[in-house]
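There's a structure below that I have some questions on.
Per-chain numbering from 1; labels A, B, C, D, E, F and G assigned in written order.
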Amino acid sequence: MVYVKRIVLDVLKPHQPNALEFSQTIASVGADYRVHLIVLEVDENTETIQIEVTGNTIDFEAVQSVINDLGGSLHSIDEVEVQSEPDSD
Amino acid sequence: MVYVKRIVLDVLKPHQPNALEFSQTIASVGADYRVHLIVLEVDENTETIQIEVTGNTIDFEAVQSVINDLGGSLHSIDEVEVQSEPDSD
Amino acid sequence: MVYVKRIVLDVLKPHQPNALEFSQTIASVGADYRVHLIVLEVDENTETIQIEVTGNTIDFEAVQSVINDLGGSLHSIDEVEVQSEPDSD
Amino acid sequence: MVYVKRIVLDVLKPHQPNALEFSQTIASVGADYRVHLIVLEVDENTETIQIEVTGNTIDFEAVQSVINDLGGSLHSIDEVEVQSEPDSD
Amino acid sequence: MVYVKRIVLDVLKPHQPNALEFSQTIASVGADYRVHLIVLEVDENTETIQIEVTGNTIDFEAVQSVINDLGGSLHSIDEVEVQSEPDSD
Amino acid sequence: MVYVKRIVLDVLKPHQPNALEFSQTIASVGADYRVHLIVLEVDENTETIQIEVTGNTIDFEAVQSVINDLGGSLHSIDEVEVQSEPDSD
Amino acid sequence: MVYVKRIVLDVLKPHQPNALEFSQTIASVGADYRVHLIVLEVDENTETIQIEVTGNTIDFEAVQSVINDLGGSLHSIDEVEVQSEPDSD
């Protein structure tokens, strides 16, 4: 099976919720997610952020869904790391 | 539960209290906080500083409240690292 | 015998399937492949990506065949690492 | 309690005492201080130096007082690292 | 005795055989060669590649001979690492 | 007691004695000195060199005296590292 | 005693013997020399090379003598590392 280990996303978000709440909500999607958020650019109503999520089995769709719920919009997937591993079943 | 492990803040502060007292007061908020303060720019009445707080469970609101008490103003959250971990309760 | 341990490929792909699905499908070719995909440039209908595949015995033809099946086109092989090892037979 | 672990200071000093004696005198303030002095700029009567003091419990006021005794003048505190630790009493 | 441990070669090659086959054939010269090939420049009929061969006792003449057999031409030896060791006889 | 652990010196020297003899003579001042000499600039009659001396208890005055004996002239002390340690007496 | 541990030399050599033979002959001077040769510039009849020799007790005069025997000319000593050690006699 192929597991997603790391994704780097380019996201546009409103100022609220702030960077802290944004990253906390994304991390809460998984049991072991580490989220590293960097604010790249701040505009009047929005900010462009880079979000790096690291984990053992990242659920990309759940991450994307949370980003939308928070008012963010996924601009692009910048990096992906996946690993093929024997199925744990 | 999601814990805040590291935050990087951009802050404007008056010259007094100085960088040393400023970082000491922020560190005193938590039992294991490490504070790394860098002076980025010095102006006539103020200085722009970058504050990096590292710890196991950073209380962002308490940090922010202390910055205000010291006469500082939080300009932006530049980086956040959070980690989802099984609840220790 | 000579084993392929790492290849770095320059590939042009349509926007769909996205970078995540693209890298997952390539990783599924082998039992231990790690795929690191970086999006280098995004154009109207296509994106240029760099794909680095790492593994113990990479099957280059199978990787290339999957890239074609996904609508991608291999522009160039940018790096190769191979290792001569005693035959395991 | 909050301990000062590292400070980086920007100091203007006369040519005498020289960089070696200057750093030795600062180090002698504490039982385990390591002092790394870099000469940044040499002018006719003065030199601008960067002093990094590392230790387990740096006494900033004692360091500052020695700098003054040596004829130096503290221009700015450039970096501070402090650590909150359980009180050793 | 002096053993060759690493050589970095600048080579001009036709497009076929491709970079993968080229590096595999060079690696097959020795029992433990690792070959790292980087494509530096692609022209209409040729490509300039850098080949780094690492091994315990590299046979440079055999490597050079294989490069010629593959239609490549050795432009220059860019780096060499050799090690004097007691003779194993 | 405060020990000198590392000094970086900027020195002007005549071409003879050469860089090798120069560094050997400086190293011979101490029982465990390591001397790293880099030639920075070569002029008609002189060369500017950077000398880094590392050791457990460097005797700066002895180093300076040897530099003078060799016809060199100490232009500046560029870096100093000193360490305060409990007295070994 | 003071031992030479590393020297970096700037040498002009004819194209023949080539970089490989050149470094092999230098390494053969000592029982444990490692020679790292980098070709810096290639001209019509000569090439400028950097030779780094690493060993426990490098005999500089023997190295220099071999360079001359090979038709090379030592332009400059760029770096020297020496170490003072208790005499092994």
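By our rule, contacts are C-beta pairs under 8 Å (C-beta built on N, C-alpha and C of every residue); 3 or more make two chains touch, one makes a residue touch a chain.
Bear in mind that the values here come from a model prediction, so they are computed numbers and not experimental data.
**Student:** What is the graph distance from chain A to chain G, where chains are linked when they touch?
**Tutor:** Contact-graph shortest path, chain A to chain G, evaluates to 3.
**Student:** Between chain C and chain G, what distance separates the C-alpha centroids? Give it in angstrom.
**Tutor:** 43
**Student:** Provide the C-alpha centroid distance between chain A and chain C, rounded to the nearest whole angstrom.
**Tutor:** Centres of chain A and chain C (C-alpha means) sit 24 Å apart.
**Student:** Can you check how far apart chain A and chain F are, centre to centre, with Cα atoms defining each centre and the answer in Å?
**Tutor:** About 53 Å, centre to centre.
**Student:** Send over the residues of chain C in touch with two or more other chains.
**Tutor:** none
**Student:** If every chain is a node and each touching pair gets an edge, what shape is that graph: line, ring, star, complete or other?
**Tutor:** ring
**Student:** When the cyclic arrangement of chains is written out from chain A toward chain B, what order is obtained?
**Tutor:** Starting at chain A and heading to chain B first, the ring runs A, B, D, F, G, E, C.
**Student:** Contact residues on chain B for chain A in the complex?
**Tutor:** For this pair, the touching residues of chain B are 2, 4, 7, 60, 76-86.
**Student:** Over in the complex, which chain F residues touch chain G? Could you list them?
**Tutor:** Listed in rising order, the residues are 18-20, 23-24, 27-39, 42.
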